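Two complexes are shown next, each including subunit A; its partner changes from subunit B in the first to subunit C in the second.
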Partner chain A sequence: MGVFTPTALLSLPGWGSFLLTVLTIAGIYSLLTLGLNIHYGYTGLINFGHVAFFAAGAYTAALLTVPPPAQVSGAEYVFGLNLPMPLGLPISLVAAAVVGGLLATLIGATSVRLGSHYLAVATFALAGIFGSVLENEAWLTNGSFGLNSVPKPGRAAMSADTWAVAYFVFVVVVLVVVAFVLSRLTGSPFGRLLKGVRESEDAAQMLGKNTIRVKLTSFAIGGAVAGLAGGLYAHYVGSVVVQQFVPAVTFTVWAALLLGGVASNTGAVFGAFLLVGFRESTRFLTNIYDSLLASLPTVAADALRLAVEPLPDHASFVPSLRFVVIGLLIVLVIRYRPEGVFGDPNEIDAIGEED
Partner chain B sequence: MSRDSSESDAAAGVTRSDSDAPLLEVDDVVKRFGGLTAIDHASFGVEAESITGLIGPNGAGKSTLFNCVTGMLTPDSGAVRLAGEDVQDLPPNRIAQRGLGRTFQTPKIFRGMSVRENLAFAARGQTGERPISALVRPGTVGSEEADIRERVDDTLAFLSLDHLAEEYASGLSGGQRKLLELGRVLMLDPEIILLDEPMAGVNPSLADDLLDRLHELNDRGRTILLIEHDMDLVMNHCDRVVVLHNGQTLASGPPSIVQEDERVVEAYLGGFENA
Partner chain C sequence: MVAFVTQFVQTLIYGLIEGSVISVGAVGLTLSYGVTRFINFAYGEFLTYGAYLALFLSGAGLGLSLPLPVATIVAVLVVGAFGVGVSRVFFEPLSDRGPLPLLITSIGVAFILRYALTAAVGVSAKQLPVPLMRPVEVFGVGTTPLRAAVFLVAIATMLLIHVLLTYTMLGKTMRATSGNRNLAEIAGIDTDGVVRRTWFISAGAGALAGVLYAVLFAPFRPTVGFEYLIVIFAATLLGGIGRPYGAMIGAIIVGVAMNLGTTYLSAEYTMAYAFAILVGVLLFKPDGIAGGEI
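This part shows the complex of A and B:
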């Protein structure tokens, strides 16, 4: 990242702003992955409903800052607090984190007594229910149209490019602060408590620890971080729509965590940047291919054309192949480096096992 | 184990109000699983500062009884009293906080944590276990951690595990895992320790070591209740023996008396005198 100074980026409007978008989204996904790492990496909770906390944060931030419905044509929602920007931003983000944490505590309270794999099913289902609620309670969420006037803080005061750089820097600052706080937590006796519950709940109970409370606390912290990510996302994209919060988000975050390294905060951030970077950059493989054909000498272009000849000639072939590659990547990591890039193989020895 | 704290523990044991009530009392406990009655009106007491052996054939209900006493199972009827107070309806963590520690037949160690972390986990009353305190009270947490570290070092030395302090627990042998689990229980600093087959799978020289450690703990005032299959061990090392058969307490008392009990000989020790 150090190579790309803001000025260099600004002088490269096409690729520069694309790269900036990818990095900003990757920063937000890093927060999501850090949150899941608290759940799974440190506490062993298999949470397949992570996207719900992300959505809860995004909708909270949106509802606090969108203009009231009277000012928006065709609005179905009845509530928009219209907090002024950029001063309302901290309130909006804190509220997003709080609501994400509360939802996580609520979902946790209903399902945290379940064993690891049942917990996965329960959280997946509850996240699905939450998604349906968001879609159907149009009075609150404007239904499937979503809330599309979420303010971008400070955007009015600067150009689009400058704002993109400024917001990216803001996301990085938030990420660094959150990563620092989480590292302090996971390195403290509290982190030790989480890990013990992950390793053996029976043993932790017999040593006097209230494991239900520990797991709920873990749920709340990870959910709050995901909620914060949702708030950042809402103010970055400027709109919040249910279609953004599909289960695929949860599994992208899982993939990032597994690739980067379970129970490693560095790994979580690395995995998120790797996965989002890969997912977004390969989106334009076809364009790269076309411009290569145009710019290469005829012989080389012909050779390239010949090389891709056997592949199906379909517009959606390359884009859908990206997900195959991500899947392949996960298979390879699980097979050859199950602890991920930054994980410690000793730490994941017993993770996810029943007592 | 720090000498100072153990001596004060022993002193506390001596000055404990010597009412006749046993430290741990199992009173008419029944536990059924569907149609199977695993514990059938079992009653016995464990005297403070004794080493009591719980014996019985396979399937007699020994481990189930341990689970009822430690709160992992709730008895269908009857009472479990710890230091005179009913605990049968409390969750395991609350019973543990009242001074009861246990080990498992197959050690449930924290494999993905270092030996040192395994022990430090068990210390009671850690301020840093609350996330907010962990962040905003680094001074308190730091000094507590220093104390815990000292206690961990003492405990590791006591169990001759000190050379393994920084190893991941997953790398330990079966016998070392038993020792680690015992060390973890000691960090909890309980009044009474329940050991589920502490010698099973431990090589003979380590087993002798372990026995020495148990006697040492007992000398320092800890009460020990253990499940064991090795009759020589039970008869030679326990002050009292409780015999469980088909979920019922068949007999209890000093080994020499229990050994002579006709029903016990018939039910369980039939081969013992010839062995």
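This part shows the complex of A and C:
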């Protein structure tokens, strides 16, 4: 837990700004889901370490733009390039995408040759290693304190609400551009090659295609999109900390992809908005409960209190239930609607029939 | 020099003890892979449930205070039965759909089990009621009787599984089903029954590994099993997936390597040594030392 929460924004008044936060995060998660869709949806590669590419992008953007350690009290990291905002933003985001793509290529190079089960375990394990490196190499990442002065581009020039709107628009523009490029890509001969590898790697090889290379390219593209998402995230939240990049992020994105529809870019975006919307809106269950208790007539309030009383009373109760729902969602979609909401049943028939 | 030898031997001993605990989990995972043909990412939750059930039975929460060994046996049996239930509800309905849906489902199941437990008990760290003990030392190396007991229980479990696989009808039918399910079925083996019993043994072994782990490395949280899963994967794949004896050897190697790494390289990367072994195996010998079944 503790995966996201830009608390700095939640302190703004009103439902509008909260909604904006949710939508912005959902936009960023849409990019993550689009990246995973290239891996799993189009190429059939099981990537259980997606969060590593997200983290790589976020840390890259942060390191390029945080002030040097001399200007930050208690800093353990040895360099921050302090690129000026907002002009440095494109550099920072491109670098985030490049590093995400490079890490994906590196991880892919070790494991895309493997069968799908091994690939799942290998990506999961490599993301774990990457996470512990981020946590332990404090000279680079400031360790578990994280880099907390990532600049919010343009924030100085406008009010908090205006900036939130502007950044949301920016995220949407990036999302639209990326979605457009990806849909052109997946509709191109290269996209059919990806699907060919997904349907039958042997057949693609028979046709003289270098399937290892195709899979690596797929890994790199998806990783770069996830890295870009990481950069956008870092500049939005203003800090990167290891606790934001846990395996739960990977599997939230998986749930979004499966629900929205494998091998459908529309589905990926839809799934991400639905999942993030669900995750964020349940933050307010306890508030709603409290205000219900206050506003209901005494009898009804007492009845409600009695009904809720047997439930465990600790802070992780509601957040835990959220993940139970995400788990259930994965199980149910796979069992009853494997193509998701927008997917095409014919597309997923062949995924995983590798033997 | 003497100090170096003492420290080295001591590290080996800790490695062997941890390796024996890993081997219980790794054998459990590999046995179920043998008959179900997918890597179960929910396996770690059996460790967690084993540790928590032993905790509740031996003193915390349920108003019971069974002695820990009794609580452990009950936990192993209950989690074993629970494992059969989990496979019935979540995995068997998908058994004809190939390995990928099962693999992805296991992630969902892991989330459901882990966070249902977290919702019920919270994230605060718990500890089994085990006594603090002074180590028994010979020439400056040694271990506590408690850790020695953990080692013996793990070794006894390995022997038991060896006897089961080699000398009992169930073990033979398990190996036959693992080798070729269709052929086993044609030969008149009730493969569905074998699969169910394998789930029982596999989940029970997971629960035992969880309790032993909790004894060695108290305190623990609901994420304990999921966090240890990679270590078990490393041992399982190093041994060659689907190979129980390979898993035992792989587990000892992983346990020793993790402890050597922690002592001589960097204490911060305990789990990462297991990751590194895992990645090394995948890169250079993906079918493991005993020749896995993928």
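Definition applied: the second predicted complex is superposed on the first by the 314 of 355 C-alpha atoms of A that agree within 3 Å, B and C clash if a C-alpha of one lies under 4 Å from a C-alpha of the other, contacts with A are read in each partner's own complex, and residues count from 1 in each chain.
Assume a contact is a pair of C-beta atoms (placed from the backbone, for glycine too) under 8 Å apart; a residue touches a chain by one contact, two chains touch by 3 or more.
Keep in mind the model is a prediction, meaning the values are calculated, not measured.
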Practice item. Please tell me, clash or fit, for subunit B and subunit C sharing subunit A in the overlay. Key: fit
Exercise for review: Could you say whether A:136 touches subunit B, subunit C, both of them, or neither, answering first, second, both or neither?
Suggested key: second
Exercise for review: Pick one for A:280: touches subunit B only (first), subunit C only (second), both, or neither.
Suggested key: neither
Exercise for review: With the two complexes superposed on chain A, say which partner A:114 touches: subunit B (first), subunit C (second), both, or neither.
Suggested key: second
Review point. Should A:161 be classified as contacting the first partner (subunit B), the second (subunit C), both, or neither?
Key: neither
Practice item. Classify the contacts of A:312 with the two partner chains as first (subunit B alone), second (subunit C alone), both, or neither. Key: second
Review point. Touching A:76, do we find subunit B (first), subunit C (second), both, or neither?
Key: neither
Exercise for review: With the two complexes superposed on chain A, say which partner A:324 touches: subunit B (first), subunit C (second), both, or neither.
Suggested key: second
Point to revise | Dominant contact partner of subunit A by residue count, subunit C or subunit B | key: C
Review point. Across all Cα pairs of subunit B and subunit C, what is the smallest distance in the superposition, given in whole Å?
Key: 12
Point to revise | Set intersection of subunit A contacts, subunit C complex versus subunit B complex | key: 351
Review point. Residues of subunit A touching subunit B in their complex?
Key: 181, 184-185, 188-193, 195-196, 198-200, 202-211, 217, 221, 263, 346-351, 355
Check your understanding: In the complex of these two chains, what residues of subunit B are touching subunit A?
Key -> 70-72, 91-94, 96-97, 101-102, 104, 108-113, 117, 120-122, 124, 126-131, 134-135, 141, 144-145, 168, 170-171, 181, 184-185, 187-188
Review point. Taking the complex as given, what residues does subunit A use to touch subunit C?
Key: 46, 48, 110-111, 114-118, 120-122, 124-126, 128-129, 132-133, 135-136, 247, 251, 254-255, 258, 312, 314-317, 320-324, 326-331, 334-335, 338, 351-353
Revision key, fill the gap. Interface with subunit A, subunit C side, in the complex: residues 38-39, 41, 90, 93-94, 98-101, 103-105, 107-116, 118-124, 226, 230, 233-234, 237, 266, 268-269, 271-272, 275-276, 278-279, 282-283, 286, 294
